[in-house]
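Sharing a structure, written as structure tokens. Questions coming.
Chain IDs A, B, C and D follow the sequence of writing; residue 1 opens each chain.
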């Protein structure tokens, strides 16, 4: 075995409690020089909490941390950065109101005569991003760029900060295959330079592709650390969820719905957001939407739901023209929408899990007809159980839940309204394997109940699994549609690529 | 049931303690403080004075709480008080009946609220600036009505609202008690409270969940306007005249202070009307205590600042964490911190 | 050519102030003066700005009702350099007296003194505890009226000021503070007289006294300053005892002096003092009330 | 042009337009006197507003500035007239006190996690209270050094002057712009305004920055107090009431968002000038009663905000259709 001196970072018996939760229970963790170490576990297992304790974002309750054999005690993330630990935290944690360059060099801007040398900083920023094949206007505010680009910027920043250790908490959640490949190239290069890299993800393929060792947490406790190559997929899942997963996503996609045609959108669109498109959705049908990052998938969803009012075209339900100009109007037509950006558009952070779940239902009923507390409790408990939302109790503020569990609570919010047309934008992003399978099953059971669903996902395998039809987007326009037997991962990729070659729109 | 009562009082505990401390402190400096007697058929004493004098700020704080819960702020309440007092006085002196006067005055308050609400909810102007417009212009409007003088009236009905009594309690107390209970019931027995909190915490997410955000936002400012109208009527009735120049001057700050002392965050979200009412009473108790203490007036502000800082430090999250989790001194990290955006 | 006169008024914080503004406008109209009015919203900096704009506009003269005595040297010097005469209204300033033409004011200390003398004479040697409602802390009327009153009481050991607190010149605060005075002084039984720095506070305090079950004017003597209409009603009802007049017509004498100066180059005296007349219940208060009612108080 | 300069450009545009309108009605308003006055008369407000800009950019607010200005004035008057110190020493002392006062408020805001609104409100009570305790009387300052300082000015053709304090305000704005955009501290201020939790995760020294921000605001409020005392040659405890609201208004009119993170120090200067213009216009008009003055100020404020919104929205739409 390796001697301890090989460990660049080791954490011993780390403890961390939150009111009502023991998030970390005497967790040990070792990171070697020059290894990629996957940190796995279900939603709420304590992965992010462990990271935050290591980097001083949280004060740990107990345990010690050694960097290069000497004990360290980072008081805040600034300390950790100085020690050579660069981190990408879960959810993009950059400042939207600063420029790209400022985000990259915050706190270490180059200076001349005590003043920031903006020209030099921008030059350095362009140089740094060039490694990531990004050619951005670095003097623009970060808010102007898509989530994916922001994620890459966050990674670039962390990598640049990491002299010894790089920590990546679900960095690939909003990246597509191309960008993931690029990230992995960089990770391998850093690894070769002798850095220790901690990598958190819910994509098991990526674990096998990049990691040398794997540590699994469950309910705040260490389950074990293994060499990744010694670990087969089934064992890994069992380690994570503590039981065998009945069946992973099956690949035989459902037959095209033969339900009646219910929703007809003609020439529907909004200038500057999404080009006018036609779309028909049947009862009992799942329409998957595929496309590269920034292709306009989210915009399509927002226009359908009235979050952005359509400025052209018509919408019909069962042959009757309807008004979908606002979320309320859409909800009146029994629409539901789980947005992609759950932090800003999904959760209402300070409200409890219960209140978050009943929110849409209550809004639809109007304020004069309050849902009784008993009924609220019943609904909340029902969905907490049905979707396996991990929370100490239903009164916990939702912002204190782990990311994946927040996602499930938002889903519950819409299910509680008993929708007939449900739009899910990246419903499985950041969700663990167990829950992932559950959500896929849920989508299927909803379809079987006769709902119409629109599902946006960057995971093509997943789309293939549950879609009865797949729409492919590019440059904010609908460019192709696949159905029946033609829905295969290969065909979707082809369609995106073909469209790509199709030239300017 | 008892559990709910317990959590309810648990929420109010810091305010109740602060109030108790202040009352004890004053009664040590001024022994007659706790005396209560019946005089002219109504309760009489310093404690009653606090509840009575606190009426305008209590009423303003009720409306302000709801506005602040939506992540807004209403700086115009003082000016709206002045407008409504002026309107009431002008109407009653020009021979309108009491009922007409009151209805018209409340309508004016509501109108002011609608104006603020539209600026905030529809025109999307930042609340502080949106309400600053009416704060500045409103006092002008009030003065326009009274022409800068104190508009005195002698209508016994209107005066009764300011200095009459009902069941032994001065009318202002009766009004804020009834109004406060009604509003608290309204927001908590319907879904209003939760929806308002949702808007205050995350307006975008709430809108996407189908909450009728603009209407509720406007409603919050309307409530605030209505409260200011009540406060304005009481203030005018109390002195039997509308003093457009001074009625409600700087009271918006007291009302905001009351809400914060009541533990509602200025960042919006969770609110408690009862706690804000207690906050307003705490502030009035401080004011009355200062008056009774007999210190020269130069010291008024310093004493007030010191007491407020003291109460707020007691309530500050840091202090409370240190207090309740003595075992885990630095445990909580900063999970409660919310993104500014 | 028509005379253009700028008038920098403090604001509109009280009925008295409104009356002064009204009377100034009336006086200007009667004399065919084009009055440029600027309300400073209680802020000295706004008054300075206003005067500077008047100078920039090239007015013929400036009337200034200064919010505070200090801080005028520079801007008055500028007016002087521009050869624009400045007349001060209702308060004088702490600057060399060649910077302004004249000041038409009452004597604030004297007002307090008149009120105090009246009280000394009225109680005629009996023991008397006095409570005082001060004006806005730091304002010169509050400071001077307190000073004058205390001077009048000096040497009369039977009179003692037992409580003194600010009522901000407003009715509401006057009433609130009086309530606490009553509580603090044994339900008011220890109080024999109230001295208020203005009538508005007195009117508020009178209501507090009545609500405490005492008779203002009898159980507690009430003396105040300003002589606004409402106090005469109270006097007529026997609820107030005396008030010292501060005339709002400062502009009349000011315009007279200005006319004389501009026409004949006649330098007026540096201080035109207005009368501080004492009114008591014996002066037919209702008649005075009727006279004053229409003046925009 | 970049999106983020829109509010600033809109504000400048509005200022120029309205000045032109004013001049059309009152040609005298074009005189250098009026322009010089605009700088001199608003010097103290402008300096305080620079500090307020930093505070607001960081997502906070400082209600104490008016009271701090009054306190500084009274303090200077007392030590100069009774203590016999040289004004420069007194200035240094005053600045040290107000800076420490600001830093203390910043520390309370950060370490006790209390909202800035309330901490600085208490600060406002405290500062004004201290001014009362020092002296309730207004005290004239007769020190010859004050006269010397006032003697420094640059005469413009047409009778206008750029006074020392007017120039000082421009200088403070210049330095403020440099600090905001060319120092790490400045970027950290924007970072805090963009999201305190995120900024913390990114390694921004939140404690140091927060304390620094309020200390800076205290320092500039102190400087504004010195300027005010030069302006009036006196110390008065009731001076500068409500200046904090004027400063906040100037900052917001200047295009800075009260939620923090977005805006420009230069915008605040335009905000100050717009407010000054409103005042000047009203005095030039000279027919408004006290109450109409207030109503008009309110309405003009509203009109400016609406115009600003309109311009920004229009150009956004155009961009999208381009």
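Going forward, contacts are C-beta pairs under 8 Å (C-beta built on N, C-alpha and C of every residue); 3 or more make two chains touch, one makes a residue touch a chain.
Every value quoted in this text rests on a predicted model; they were computed, and no experiment measured them.
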Chain pair with more C-beta contacts, C-D versus A-D: C-D
Chain separated most widely from subunit B, comparing mean CA positions: A
Chain centre separation (subunit A, subunit C; CA means) in Å: 71
Chain centre separation in whole Å, for subunit D relative to subunit A (CA means): 44
Length of the line joining the C-alpha centres of subunit C and subunit D, rounded to whole Å: 33
Distance between chain centroids, defined by C-alpha means - subunit B, subunit D (Å): 30
Overlap residues in subunit D, where contacts from two or more other chains coincide: 132, 136, 193-195, 198, 200, 261, 289-291, 293-294
Of all residues in subunit B, the ones touching two or more other chains: 143, 147-148, 297-298, 300, 338, 341
Sequence positions of subunit C contacting 2 or more other chains: 12, 18, 21, 137
All chain pairs that touch each other: A-B, A-D, B-C, B-D, C-D
Subunit C-touching residues of subunit D, taken from the complex the two chains share: 26, 28-29, 31, 33-34, 37, 40-41, 44-45, 132, 136-140, 150, 228, 231-242, 276, 279-280, 282-284, 286-291, 293-294
Interfacial residue positions of subunit A with respect to subunit B in the complex: 17-19, 52, 57-59, 61, 96, 305, 307, 327-328, 331, 337, 339, 344-351, 355, 359-360, 362-371, 399-400, 413
Partner subunit D, residues of subunit A touching it in the complex: 57, 76-78, 80-81, 87, 89, 93-98, 102-103, 106-107, 109, 111, 114-116, 118, 139-141, 144, 271-272
Of subunit B, residues touching subunit D in the complex: 119, 123-126, 128-130, 132-144, 147-148, 253, 256-257, 260, 265-267, 297-306, 308-309, 312-313, 316-319, 334, 336-341
Of subunit D, residues touching subunit B in the complex: 59, 108, 111-115, 117-119, 121-123, 125-126, 128-130, 132-133, 136, 192-198, 200, 245, 248-249, 252, 257-261, 289-299, 301-302, 305-306, 309
